[in-house]
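For reference, the structures are reproduced in the following blocks.
What follows is subunit A paired twice: with subunit B in the first complex and subunit C in the second.
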Partner chain A sequence: QGLLRRSLSHSFLSFASITGARQAIQKLTRVRVVDNSALGNTPYHRPPKCIHVYNKTGVGKVGDTILLAIKGEKKKALIVGHKMPGPTVTPRFDSNNVVLIEDNGNPTGTRIKTPIPYILRRREGEFSKVLAIARNFV
Partner chain B sequence: RISSDGKPAKFQPPPKPVIIDKQKQREERRFLSPEFIPPRGRTDPLKFYIERKDMIQRRKVINIPEFYVGSILAVTTADPYANDKTNRFVGICIQRGGKGLGATFVLRNVIEDQGVEVCYELYSPRIQAIEVLKLEKRLDDNLMYLRDALPEYSTFDMNMKPVSRLDHEEIPVNKLQVRMKPKPWSKRWERPKYNIKGIKFELPEKKMKEAQKWSQPWLEFDMLREYDTSKIEDKIWKEVSEELKK
Partner chain C sequence: MWRAALAGCRLLRPVSAAAGLALRPEPPPRLAGAPHGGCAAARGTGGGGAGALGAVEEQRRQAADTVFPKFNIDFVVALLRQENAKDICVIQLPPGIKYCNYFIIVSGSSTRHLHAMAHYMLKMYKHHKEESDPHTQIEGKETDDWLCIDFGSIVMHFMLPETRETYELEKLWTLGSYDDQLAQITPQSLPEDFIFGLTPNSSDHLETRT
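Right after this comes the complex of A and B.
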């Protein structure tokens, strides 16, 4: 039979936040390269780390260029997703994702399997080649 | 049968069959979305009344179905940067937060081995449709621990078909106990403050006992923290259902 639900909620959970720590990309963050370039996929004893963010603030969000240190080399990269929650309808990824890029903006790899947020389409002019190799969009 | 008098017994008509009208039973179960219930505080109830009017207005335009944390939803939003200008996302609801017009819910899915979570606002005009593909509840109100669970528990097919269910059935509670990735986790889910029942802890007994050190058993009996919403819910339910029928 249907039951009338009476709720007596204890409000002690309201201040105990259950969300995890929020991180955007800044200097020394370890990132995950998601394209199929050789530099990004060959194993190395140190993870790729960000050493500079090309931004007024040192904090990189989706669509910002950063300088990575991979396998002892410096390489520019484009941020395609981070663990920090952003504006409400944008996706939040479980890892800080990055696509390797040349100085002129051409991507190093040829395919991107992981989903890319639609927000990047706003800057179609600069990232057209990266968006062209992306397969899934979220 | 012959009664004690010797005369034939008075005719007893057979007992009338009891007709259980399922339609009437259905009306007994009612669901009030949690964002209608005002939070405890000293704000003027007029503010909540005006917000409720706006929420009902929005609900007349779009059908916001009944769903709980643990149900699988498909949300289509208007996106200027997508092909077809619409963006469809399927995922399991892990959290429902906010009250009033700012009520949100977070959907989680794992696409191509990458966990993605999107937080949607229920009453945002950008949302074009909310579909419930599978309506069910879980053992907890907050499934944030799915981030530290094995990815198979958060993967759902983007082209999943809606699971049909009858109207008058009780909402099924999925008593699934989720297996976790090895520690470290984003939060220490074994601690009693999160009160999680949906994880199959494979930690040694010593660690479980050590986690109980942080238990605060007096909180359950703290009367100042009680918020009895039963009467408020009844009033708001009557108000909302009348407005929606118009």
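Right after this comes the complex of A and C.
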């Protein structure tokens, strides 16, 4: 549990612990990239922001694909955790976590350092690859 | 050392034997014996040592390690050999990791080969399954180097050799937290003036905190 509760404000990429906003991910949400891709880990003066949610409603929950603006480029990403409380027996994270993926669905990074919720396995969609590079599940 | 084990067609299959650390390679004669000992020990790292591995062997015998009675791991591996799959790697996960029982990684010679193998596995699964079992889909159909199928207790990944080298899934799933790629990505540590619970305001991300 300590891993979830520990705030991410220690890293030089910390920007997400701004307010206590507890909404899921929508347009202009600042997100945190949790894999080890070069695009997600090089520092930039602006945090990655969501610019589109591939969903009927514009709100993204765990398992939805979104479009991010990172370092002046557009990149697709998969939501793996958000600050908004969801169904009772699912984990709630202290930051809006996101994993970068390519247009064909392959993950851009090769490892994910944060825990990944296990409900991704039940959902319809292509999550086995993200689960395969994850370190531990929650 | 670890790379040498992947050079040939390699298959890891734990067999319950008197000694705890029982891991023998399957018939293809060009397998090296020593790396398998290393991999078996590494697999036991999550549980901790040879004793845990012995317990895993017993549980494998008792627990249902099959998707359902007919479509089990031996059948899957036989099909893969029939398909000329290269570098079949079967990793048995300890029951502590509640993801699946077996994790299979397979290389193919080309994109068409990967697609053919994946569709063939799916066809055999559909042919043998009962109505009560869940449907399975092939993920990664629009990619050209990585496909995967999740059969519940078995997860299979079909990759090209270059993709396999990039991701190194075998290392991750056998070594767990001791994986070297994981060690490389977390060099960040808390700064000396970090106070838990005190959140910085938005302008702080412009300063480097190391």
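The definition used in the following text is that the second predicted complex is superposed on the first by the 114 of 138 C-alpha atoms of A that agree within 3 Å, B and C clash if a C-alpha of one lies under 4 Å from a C-alpha of the other, contacts with A are read in each partner's own complex, and residues count from 1 in each chain.
Criterion: a residue touches a chain if its C-beta (ideal position, glycine included) is under 8 Å from a C-beta of that chain, and two chains touch if they have at least 3 such contacts.
Quick caveat, the model's predicted, so the values are computed rather than measured.
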Which of subunit B and subunit C A:P47 touches, first, second, both or neither: second
Subunit B versus subunit C as contact partner of A:N97, first or second or both or neither: first
Contacts of A:R121 with subunit B and subunit C, given as first, second, both or neither: both
Contacts of A:F137 with subunit B and subunit C, given as first, second, both or neither: both
Which superposed partner A:K129 touches (first subunit B, second subunit C, both, neither): second
Subunit B versus subunit C as contact partner of A:K113, first or second or both or neither: both
Contacts of A:P85 with subunit B and subunit C, given as first, second, both or neither: first
Subunit C-contacting residues of subunit A that also contact subunit B: 6-7, 9-13, 18, 113, 118, 121, 136-137
Subunit C-facing residues of subunit A, complex: 6-7, 9-15, 17-18, 36, 41, 43, 45, 47, 104-106, 110-111, 113, 118, 121, 126-129, 131-133, 135-137
Residue numbers on subunit C that touch subunit A, as the complex places them: 97-99, 139-140, 142-146, 148-150, 155, 157, 166-169, 172-173, 177, 179, 181-182, 184-186, 188-191, 194, 196-202, 204-206, 208-210
Complex interface listing, subunit A residues touching subunit B: 1-4, 6-13, 16, 18-21, 34, 81, 85, 88-95, 97, 113-115, 118-122, 136-138
Of all residues in subunit B, those that touch subunit A in their complex: 25-30, 40, 77, 79, 81-82, 87, 89, 95, 104, 111-121, 124, 126, 141-142, 144, 147, 168, 186-187, 193-194, 219-220, 222, 225-230, 233
